[in-house]
């Protein structure tokens, strides 16, 4: 018993308590379908997850210093690719899903190679134009995309796992777990990138382009890598979207959606590749859904804009909501400080 | 060769784009801010003039002047209270994008979603031979000419214009000469927003007024300044002219695809010659 | 620093509140204790309350609720139980995503047994949700849900097309041609979002009926119609009839006057929300003669409507007018929609003898004859749609004269093969 107490005392509670507190909602998130199988709620959460993946893609590209307004375009590419492959070409769901990500990544690669060498504001305007161009192609290329009528897709097939079967057609619960797995996968991949040398390189490019170029970082190569990775995962998210809604039309992914994805990422906190965009997507998308149920028209847009403006103005540059978490814990620990050296300047003093 | 009606239409469209693009590029070249909210000031100007004429009975020309002043004031407040507290291109961009939703939401709540019209202002059609043009559209063209001449005079012949040009070229040297650079930047913002608002006002009799009319002018003025060159005032005018005529002519011939042609054009220009027609070559 | 702390707390609290809401709203509303009196059947209305189609969506709500109140005074009976309707309205934003969300909310959160009055663009997503839940959907056909298009009677067995929009457009054109027998050509106006198999279908019907027409497609959000008016003039059109929204025909009306084409007639295939809007946006002169659909069943000449329903509709007009302090304009666009749908639904349930068995109710609907606010009709369309689930409605046109709309002409609808 005494040995245990000693060991407990050695544990660095300051780093563990926040993690445990953070793990609790994650645990609940995994268990949400046990509390509710309400279709409307699950639908909202699934779509939040899908947009969160797109927002994570935006953050990754932003890590290299580029501000892409084209994320909605890659969702469209992934969605249409997987819809066309299942409906017109007749491939089964899982290969189409993977191929959708591959195709989206390839297009990101090609586009990136052409477009990333013009940086800055020009890149943003080009990606914005591309989003619109892709929307218009989807609308006008009747033979392939059926234009504004859209394509009707089927849910993923029922998989039999012996003692129970995963039936996508019956309810949204399997989609919910599919979404969670995809979000986790994307999060893990991006987080790992952030921690490795690749991520460090990205960050140095964003921080000081000229210096990193002088240090031998081949800017273009890394920009394209980030852009392609973002494209792959965003394409997969788009494919899930198409098969969840079972309909894909050109109207869903346009320039305004790209802007919303960007805002989700910024509000969440662009310093973070994973948690930031997720929090941003949850806050803005869920807020949007609840506000749209109010009978007052326009309040949804007004508050959406207001929340973003507040975050940008009141939080220090470059931070978003996710950055409030460590600050919160520092405040907490500051208050349980056992002793203070008189005259010492406290670190959080401003 | 498209019929004369199309050319006149092109002229009218160009006029609108010129005014909008000029305001946007003024703010961009002098303040370094790409103001995505520019289109919303157009919409707010139109709504303000609508209320001025219908609810308060102020004659249209005075409503228009008043509306421009009010919206300019709004723009100045936005700059001082919000934009100045945020630094970095990305964040200013995100801020002005978020403000689009804010203003659209506010306008939706206050104005309603229904189209409203000001068609009673300047009714009638001028017929010259085979060509007819409504007085409202003629007013747009005349207005743009007046505004461009006024802008030229202000920027080149007045003290404040001199201050603006000095502050944009060399802010530090300018402040050494006693120019209050921060005051000047507020004036520039005010002028830019006033231009957008006046564009909205002069267009209010021509097209219906609703909270969403700011989106397309914003996109078109962005395309115009890209074509003309992001930092160039002359470029904005030329870009506006090209865009206006191109839009009408393309719609006449291949109406089905006209949307995509303009965006493809912009992408090509940005890839091949990012500085546009008149912009200075950047890094 | 303090400010940031305050904001932190505010945002964390907001996040917690929202998550609690998400979970709380997830639970089904507690089962209401069984009331004595009529049994309430919830009907959901996914409609455009925001976005460009909002004027049409919002216009009908007061009338629908008033009509249901009137209907509920008698209700309908199965056996010895009386049933009433309750309407729950949700904004579907006219988008596919919004439609799916609205349908899911109505079916799973609000417990609706049927969706009715639906007319927006998002038939595919709404029907995907409603058919999966075995909830009846009363809707219009729209561009997507045509034979060979999205509608498939095998995968969507619970859909009823109580307003066939293609046959409607044809009837409207026939009524126009009746009113203007010396017309030169009808110019059809629609945004290129509408282009597709639905319009091809209408074109075939127009050809078969011998109607001369010319199509123009414009990108959505176009406000400058000069190029299109020029092309209509070159094609020799003198009636411009739009299929889509209300802004584009209003602008065409205004701009064609400015371009010198004063003799043209302009209109849209939809009821007038309020002539005042047209007078304001087009200008008084340009709005004169503007054409629109007219569902004023007490003025129908060719179609016979049950007098009981005529009286009900007139009483609804009076109720809404009184509620609005006597200032309401006589809006008739609602008459052929939700009330017809609910009458079909209630009569089918009476025939089937059940309110809970969607298969039995659908069986009663297919091929059945129903009496509605726009006449008596037998469900047809077995050959065209694969299943006799299409109801009919007359084509009736009115035009703006002065500040009011005035009956112009009518064309009764023929049964669909």
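By written order: A, B and C. Residues from 1 in each chain.
One rule holds for everything that comes next: a residue touches a chain if its C-beta (ideal position, glycine included) is under 8 Å from a C-beta of that chain, and two chains touch if they have at least 3 such contacts.
What you see is a predicted model; the values in this text were computed from it and never measured.
Among the other chains, the CA centroid farthest from that of subunit B is the one of C.
Comparing chain pairs A-B and B-C, the larger number of C-beta contacts belongs to A-B.
If you average the Cα atoms of subunit B and of subunit C, the two centres end up 38 Å apart.
The set of subunit C residues touching two or more other chains comprises 50, 54, 192.
Chain contacts: subunit B has residues 108, 113, 256, 259 touching two or more partner chains. Along subunit A, residues 140, 297 each make contact with two or more other chains. Interface residues of subunit A, counted against subunit C in their complex, comprise 25, 32, 35-41, 43-45, 47, 139-140, 142, 146-150, 152, 169, 245-249, 251-252, 279, 282-283, 286-287, 289-290, 292-293, 297, 310, 314-316, 321, 324, 327-328, 331, 348-350. The residues of subunit B lying in touch with subunit C in their complex are 2-3, 5-6, 8-9, 12-13, 108, 113-117, 119-120, 123, 125, 127, 132-134, 137, 207-208, 215-216, 247-248, 251-252, 255-256, 258-259. Subunit B makes touch with subunit A in their complex at residues 34, 82, 85-91, 93-95, 97-109, 113, 211, 219, 222, 226, 230, 256-257, 259-260, 263-264, 266-267, 270-271, 274.
Against subunit B, the residues of subunit C that register as touching in their complex are 50-51, 54-55, 192, 216-219, 221-224, 226-228, 230-231, 246-247, 250-251, 254, 257-260, 277, 280-283, 286.
Within the complex, the subunit A residues that touch subunit B are 62, 67, 114-115, 118, 120-122, 124-126, 129-130, 132-133, 136-137, 140, 255, 259, 262-263, 266, 270, 296-306, 308-309, 312-313, 317-318.
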